[in-house]
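Each of the next two complexes has chain A plus one other chain: chain B in the first, chain C in the second.
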Partner chain A sequence: MTVIEAKGLTYTYPGGTRRALEDVSITIEKGEFVILTGPSGCGKTTLCRCLNGLVPNFYGGKLEGEILVTGLKVSEHQIYELARHVGLVFQNPENQLFALFVEKDVAFGLENLGVPRDEIRKRVDWALQMTNIENLRERAPHELSGGQQQRVAIACVLAMQPDVMVLDEPTSFLDPLGAQQIFDVISRLNKELGITVVMVEHRLDLASRYSNHVVVMDKGKVVLDGEPKDVFSSEAARLIGVGIPKATRLSQVLEMSGVRLGRVPVTSEEASQVLKEVLSRD
Partner chain B sequence: MIEVKGVSFTYPNGVEALREVSLTIHDGEFVAIMGQNGAGKTTLVKQFNGLLKPTRGEIFVDGVNTRKVSVATLARKVGFVFQNPDHQLFCETVEDEVAFALRNFGFEESTIKKRVAWALNLLDLTEYRETSPFMLSGGERKRVALASVLAWNPKVVVLDEPTIGQDHKQKEKLRQFIVQLIAQRKTVIIVTHDVEFVAECNSHVVLMAQGKIVAKGSAKQMLTNSALVTQASIVSPQITQIFLELADLGMPIDLINIHEAREALLNFLEVDS
Partner chain C sequence: MSVFDGLRFRRGSSPIHQLDPRAKFFYVIVMFVVAVLFNELLPLVVLFLIQIPFVFVARVQREWIRSLRGAAFLAIIIFGFNFLFTYLSGQYELSYVLERSFAMSLRFIVLVESFSVFFLTTSPDHLGLALEQSHVPYEFCFAFTTAVRFVPVLAEEAQTIMDAQKTRGLELERGNFIKRIRNYIPILIPLIVNAIRRSLELAEAMESRAWGATEKRTNLYVLKLKKSDYVLALLSILLLVLAVYIRLFLPVPQLGVVLRI
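And now, the complex of A and B:
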């Protein structure tokens, strides 16, 4: 089942001098874990904002083309309606958190939707537990470290149990171990609850293992769209400057030196497996 | 260049962020401070330009005790780029933003012009000269913040999470750029979680956990030591992880970047590189 379908999206921010999106078309199936990557300023964040209607409803300007999310035409629905289906975790958690207590922030979206009190309590507990921040429940979000705030922001969206979670560099402030834990959490939500994940990410060394679909953007356009190993091993990815996982990159430099590996590794496990075979070949 | 002597720091809310930290950073050294979220990394570097003063202990920057001088005076020596660029950007155009500190420091207008053009060019921002910083993407705003600090040519450059939101090309530029700064005998201190970036840079590494310094050494020593890596809540570079699995076959286990890995493999396979 298709959850996100974008056709010919073109958009310029009011006052902007160039197109943030140019003829963007993508199709995302239910249950996919999509990594959206590309050079800074390539339109990744703008595309995320289209998925829940922030572009153009909040940012203004005219969005050409058509986008359907969970069957809803984004242009015909309000942001609050779309919020039930699409949860967006912002790049900068400070822009998303505002309550005096973490718990209140996580409950906010649910309260707005008029979810019964008991249910709110249950979902808040669950979201705090999933993101491992139960101990921060009564802390003020603005006093937390960047990484802790990022977890709170994810918990806020998690609590809404959306069909699609859109995360704009959700672990950028986290230490690598913390990032891995968050990726694990997101991956679990993806696998167990079937939530479709669209994640903007540059740290492909850490994130690639979780993904089955990679979209690369450059200058407002989608330039690569496919399976991780195909996208990462393409010449175009290297030229655009995508942070190709070291496992894939290593296999490329070896191939260039005449060492045949036979397949393209994306994770470190895959790479060591391939290399073991090569090293014990003779 | 920077001497931290037995520094402890407690925030007004009672959180003890630094405990008895001692550290020497030499002139022209490139140090990456790494460690768990909340380990005290940012608190430590904020002491270097006097934004925070030690609760106990002392810090000397270029021989000057940070307690004895104002932040403004220290700022000439120590340029600081915050984790979140929005905390330091406020002007209406990128150009004004980069010129702001230079004007404050009283540089001549002609010098300012040159410096601004240089910094914008260096960070690939020339096309945004007249754009509002707030129209830019997160990664671009980060570069504006960096340009505004580099423009006044401080002796010490502190970059708090410089690679966040930066794509691969920008990171590579940043790396080359840091190499240049080091060649000019500037001291560069970065706070980062980006293990792969540090592995590429091959800088010195200071690992922190719970307000203390756990270890200091070369990137190689620090990032391939699995006990230290775990203690600091980071993960080894992907290359290190790959080679750990190849140890049985006689491969070295202290590799951190692609170049080393390629060389080791080609040597083993006796392929001419």
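And now, the complex of A and C:
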């Protein structure tokens, strides 16, 4: 089942001179874990904003082309209608928490939707448990580390039980361990709950093991779109400056120097497996 | 700044902290009204003293004393002006003028005292909830709690900006009074610009979490008035009635006269 379908999306921010998106067409199926990557300013964030209607409803301007998210035409629905289906997590965890303590923040979206109190209580508990932060319930946001804050932000969105979760560089303010914990939580939501994930990410070494679909953008256009190993091993990805996973890069270098590996590894485990096979071949 | 220090909430679990903010606010209002009803020293001293048990039950003595110390400066000015003008008018004898001037500064102290107890023992989120349940439009309650939430964030940011500007050679503690104020401009501008940028991101996050989806917002928490809240409200009403009765029907003697007896 197709969850997100964009056809010929073109968009310029009001007052902008350059097109932020140019003829973007992508299809994302239910349950996929999509990594969206590309150099800074290539339109990744703008595409994320299209997915829950911030573009064009919040930013203004005209969105050409068509985008359907969970069957809803984005340009014809209010952001709060889309918010039930698409959850958006932002880069800076600090600026998406506005309550004085965690539990209240997680409840915020549900309160806005007018969900009855008992139901809010249930869903807040559930979201805190899924993101593994039940112990932070009573804490104030400024007492938390960046990684904890970002997990709270994910819980906030999760409590609204969206079909799609969009994360715009959720780990760029975090250290590697914090990033790893975020990826684990997201992957759990993807696997256990079947939530479709679209994640903008540069740390492909860490993130690509969870993904089964990679989209690379450059200058407002989609340049590569496919399975991780195909995208990462393409010459175009390297030239654009995508941070290709080291395992894939290593295999490329080996191939160039004449070692035939047979398949392309993406994670270190795969690389070790492939290398073992090659070594035992001799 | 010390006055505000004495008003900043710190977590606590005393019976006073548990009271409903609405009941406490009612008590503050009553204190306010009673303090304004009297300009004699005796009742104001009584008002000052009856609040002290609250402070000790809430265990906020240290902060409370700090708030009083902060208020002392203004209290002295109030005393000075009252003394000067009543004395210069030449109609009253010195003991009366002294007592009246003391009363005026004590009235101010009583007001600061009751507000200080209120803010020291009421968590901002309870206050926000109380506002919501008192039918204040949600936008205002939200603005209030968000402002409180971002105080530590902005304070930290101000520190970072100050450090950054100092490494570029900005000297904050240099020059005369005017110059020193102007030194702060390179700190204020980035701080304000950042705050505006932050507010945009906040707005985006709010929109993404269904802000304004329905008129009938629900709330995870409800404040319920407990027995102790009714007791406090009742005591406040009694105090008010008593004060009005005394004001209308009984003469209030000068404290000096009472002490001499």
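Definition applied: the second predicted complex is superposed on the first by the 280 of 282 C-alpha atoms of A that agree within 3 Å, B and C clash if a C-alpha of one lies under 4 Å from a C-alpha of the other, contacts with A are read in each partner's own complex, and residues count from 1 in each chain.
The rule is short, and it goes like this: a contact is a pair of C-beta atoms (placed from the backbone, for glycine too) under 8 Å apart; a residue touches a chain by one contact, two chains touch by 3 or more.
Quick caveat, the model's predicted, so the values are computed rather than measured.
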| item | value |
| --- | --- |
| Contacts of A:146 with chain B and chain C, given as first, second, both or neither | first |
| Touching partner for A:271 - first (chain B), second (chain C), both, neither | first |
| Which superposed partner A:174 touches (first chain B, second chain C, both, neither) | first |
| Contacts of A:15 with chain B and chain C, given as first, second, both or neither | first |
| Touching partner for A:92 - first (chain B), second (chain C), both, neither | both |
| Which of chain B and chain C A:58 touches, first, second, both or neither | second |
| First (chain B), second (chain C), both or neither touched by A:72 | neither |
| Contact breadth on chain A, by residue count: chain C or chain B | B |
| Touched partner set for A:261, first chain B, second chain C, both or neither | neither |
| Common interface residues of chain A - those touching chain B in one complex and chain C in the other | 92, 94 |
| Residue numbers on chain C that touch chain A, as the complex places them | 123-125, 128, 142, 145-146, 148-149, 152-153, 156, 198, 201-214, 216-222 |
| Chain B - residues contacting chain A, complex | 13, 34-38, 83-84, 86, 131-132, 135-140, 143, 161, 164-172, 193-196, 230, 232-235, 237-239, 241-246, 249, 251, 257-258, 261-262, 265-266, 268-269, 271, 273 |
| Chain A to chain C touching residues, read off their complex | 49, 52, 54, 57-58, 79-81, 83-84, 87-88, 90, 92, 94-101, 103-104, 107-117, 120-121, 124, 140-142, 156-157, 160 |
| Complex contacts: residues of chain A adjacent to chain B | 13, 15-17, 37-42, 45, 91-92, 94, 143, 145-148, 169, 172-180, 202-203, 205-206, 241-247, 249-250, 253-254, 257-259, 268-269, 271-272, 275-276, 278-280 |
